[in-house]
Amino acid sequence: MTEAVIVPAAARPATERRFLGSLGRSAKGLTGLFLIAIIVLCALFAKSIAPHDHAQQVIEWRYAPTVWQDGGSTTNLLGGDNMGRDILSRTVMGAQVSIQVALIVVSIALVVGSTLGALAGYFGGIVDTIIMRIVDFQLAFPFLLLALIFMAVLGAGFATLVMALAFALWINFARIVRSETMRIRTLDYVDAAITMGVSQLRIIFTHVLPNVLPAVLVVATLDIALVIISEAALSFLGLGVQPPTASWGVMISEGRDFLYEQPWIVIAPGIAVLISSVGINLFGDFLRDYFDPRLERM
Amino acid sequence: MTASPLLSVRDLTVDYPSRSGPVRAVNGVSFEVTPGSVLGVVGESGSGKSSIGYALMGLTDASHAILGGAVTFEGRDLLALSRRDWRKLRGNRIAMVFQDAMATLNPVMPVGDQIGEVFRFHRPDMSRKAIRAASLELLERVGIQDAARRIDAYPHQLSGGMRQRVVIAAAIALKPALLIADEPTTALDVTVQAQILGLMQELSREQGMAMILVSHDLDVVGDVCEDVVVMKDGVVVEAGQVDDVLSRPRHAYTMQLLNARPSFGAGHMQAEAAHG
Amino acid sequence: MADDVLLEVSGLVRHFTLSGRLFEKPRQLTAVNDVSFSIRRGEAFGLVGESGSGKSTIGRIIARLTEPSAGSVSFDGVDWLALRGKALRDKRRDVQMVFQSPYASLDPRWRVRDILAEPLKSYTDLKGTALTARAAELMQQVGLNPDWIERFPHQFSGGQRQRIAIARALASGPKLLIADEPVSALDVSSQAQVLQLLRNICTEQGLAMLFISHDLSVVDHLCQRVGVLNHGVLEEVGPTSEIFRTPRSDYTRRLIDAVPGKKRRAAERAVHA
C-alpha cells in the first residue's frame, strides 16, 4: 500500500516541471485555470468578498437596479432581489455551496467507482458481470427519476443531494477504471509482479490504480462541472439545497418569478454556473490532452 | 560502373525540426543504384536508414523534414519535384513496401480493390474489368494461392505473410524501376521471411527492377543484396560489395554488427571443438 | 541422472476457445498439444518455433501465469501445478521470468530501486538501507551502475532496461529462468550483450534456463538442448548440435533452411578455411 503513495510523490519534481511547462503553453488550460480560480477564490473568501451578509434583508434594496442602470448605486453592484437581499453577495456565497457539493460528491463517486471498477476489470468473470450489470441498470435509469426517488425516501436536503449525485456519478469512474484496468492487467509488469509472489490486492493498489490515475483525474474534473450544473438544476426544482441557503440553483429558482422586476436575480447565478462549467471543462480538456500523449509515449 | 545509375544520391541530408533546433537524421549520405541492382541499407534504430527511404519516396512532408544534397532518379532531380509530380512518380516509377502491412492496407477495403487503386490512379483509361483481371494476375504473381477467392478478402482475413504479398503486388503493379523496401520482413516468421525475400529477389530479376532493402539485419541483406551501405548515426561508415563487407569488414562498427549476431552453425563448431 | 532433472513437463495440453461470430459455434484451438520435455539443473534449454507455435503459452504455464487444459509439470520434485495460494506465492521464487519487451515489463511509474525491491520484499526480510544495498548489488551484477537506482525506466535504453528486468528476475534466487524472446525487442548490438549476460549468469549461478525464441541462431549459440515446436506439437527434442545438424523432422529442416545469413556463413567458412 505504501508504494502507491510514495512513488508518485517522489516522481513529482520532473513531472511537475513538465506539467507547468505544458500548462503555460496551453491557452485552453490557462483560461480554464483562470476561470476556476475566480470561482474557488469566491468560495474560499466568500465572507470577505461579499459586500453584505447574503441573508440580510433591507426593504430599500428590493429590486434595486444594478450599478449601471438608472438609479443604481455602488451599495448593490448587481442590484437587490425580491426579498431585499444583495444579489452579488448571494452569488458569491453560492460558489461556496457549489464547490462544497462538487468536491464531496466527486470524492465519494471517485473512491466507490474506482474501487468497484478496478475489481471488475482486474478479476473479470462473475465479479465483473455483477458490477457491470449494476452500472447498466443505472444507465437505463433517468437521473432525475433517481434523484426523485432519493428525495422521496430520504427527504430533500444537502445530504440527500450529495448522495443522489454521488450515486449517479460513480458509474463514470467505474467504467473508465474498469477499461483501463483491463488494459493494464494484460501488461507484462503485472504478470511480472504475479511471478514475484505479490498478492492480487497489492498489485491492484501498487501497479494498476496509480497507472489508472491520469484517466481518473480527467473524469473527476469534468464531473465537477457536471455536479455544479446538476446541483443548480436539482435545487432549482426544489429537490436540492433548501432556501434560504444561497445556492445558485436556489437563486435561479426563486428569481424566475421576478424576471420582469429584476432579471439579475437569475442572470448573476446563471453566469456563475457558466463560468465554472466552462472553466472546468477547458481545464479538463487540457488535462486530457496532457495525459493522453504521455500515456502513449510510455 | 559502366551502366549509368538509375538513382544517384549525393550528400543527402535530412533534418527534422524539434523544439531545440533541427535534428540531423541523415548527414551527407551518397550512393548509387544501377538499374536492376539490389542495394542494402543496414543500420540500427536511429541510424537514419528509414529517413533515407522516406526522403527517396518524397514522404517527408508530414514530418516537415528539410532535405539537402542532390537526388537524381532517371535524370530528374527528386528534391525539386512538386507534390503533383511526386504523386505521378510514386507508385509508378518508384514504389515502397513498409514493415507493417496491416498499417499500409486499408482495413475496410478488399485487397483486390486496393491493388486496383494503383491502376485507377495512374491508368485512368483502364476498364474496371481490365483492372480486376490485372489485380488477379498480380496476386497470382506474388504467390497468393487461390487468388480468385482471396481477391475479395479483407486484410484481417489474411495471414501476415499474405498481407505483405498483397502490399508487394500493389507496389509492383506498374512495373516500377525502383522498389524501396523498409524492413519488409521484420514482422514475419523466419520461414515466411525467406519466402518473401525470395519473391522480391525473383521479381527484381524478372522485371529488371532495382531494389533498396532497408534493414537492421546484416544476414538478410547479405543474402539478398549485391551492394551494401552500413549506416550509423546518420553517416555511412562503410559501403561496398556485400561479399567484401561480410568477409573483410573494414570499419569497427560493421565488425561489431557482425559479431553481435551469432552465426547459425557456429554453435555446432564450438560443440565439436569441445568434444573433439 | 534422475536427480539431475529440475523440470519435467509431460503431456501438456492447452486449448483456447475462440468466441466465434454471432450464432457461430465457438471454435476450439489447441495451442499446446501433448508436449513433454525435461530440463536439467543448470541447463539452457531452447524452445524454438514460429508465431502461433505455442512456445510462449508453455512458458506461461510453467511460470503459472496460465493454467493448462491437461498435463503435469513437476518442478524440483514438487507437483508444480497443484500449488495454490500462499504455497504457490512462496514457491514462485524458484521460477522467474524475463519478458520480451522491457518496455512493457517495467512499470513506468516506478523507480529502479522499487522495481528491484518488489521481489525482495516478497521473499526476504530486507528493509530500508539493507534493501537498497541489495538492489544496488543486483544492478552491479547485471553490469549497470548502482548509482542509477533512483532513475525511472524511461531514462534507460532498451538493452539497459532488459538488464534491469534480468536483475529483478535474479533477486529471488531462482532455480529456473524463463526467458521469452528476451532480445527480440532490442537493437542488434544490445542483443549480443544481453545474451552474453544471460549466458554468464546462468553459468556462474548454475541456473537453468528455458529460452523461448524464434531465432535459431541465438538458440544454437546459447542452448545445450532444444525442442522444436510446430503448431503446438513438439516435433523433436535433443542436443542442439544434433537437432540443428541432422534434423529428423521436415519442419525443423524447413526452419533451418529459412535462417538468413547463408552468404555470411559461406564468407566466414572461407575465412576460417
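All chains are identified by letter, namely A, B and C, in their written order; residue positions are counted from 1 within each chain.
We adopt the following convention: a contact is a pair of C-beta atoms (placed from the backbone, for glycine too) under 8 Å apart; a residue touches a chain by one contact, two chains touch by 3 or more.
Just so we're clear, the structure is a prediction, and the values are computed from it rather than from any experiment.
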item: Chain separated most widely from subunit A, comparing mean CA positions; value: B
item: Chain whose Cα mean lies nearest the overall Cα mean; value: C
item: Winner on C-beta contact pairs when A-C is weighed against B-C; value: B-C
item: Length of the line joining the C-alpha centres of subunit A and subunit B, rounded to whole Å; value: 54
item: Whole-Å separation of chain centres (CA-atom averages), subunit A against subunit C; value: 48
item: Gap in Å, rounded to a whole number, between the CA centres of subunit C and subunit B; value: 33
item: In the complex, subunit B residues that touch subunit C; value: 44-45, 189-194, 197, 216-220, 222-223, 242-243, 246-247, 256-268, 271-272
item: Residues of subunit C defined as touching subunit B within the complex; value: 50-51, 187-189, 191-192, 195, 214-218, 220-222, 239-241, 244-245, 254-265, 267-268, 270-271
item: Contact footprint of subunit A on subunit C as seen in their complex; value: 60, 63-65, 89-90, 92-93, 95-97, 99-101, 104-111, 114, 118-119, 122-123, 152, 154, 165, 168, 171-172
item: Touching residues on subunit A, where the partner in the complex is subunit C; value: 3, 7-8, 10-11, 187-189, 191-199, 207, 210-211, 298
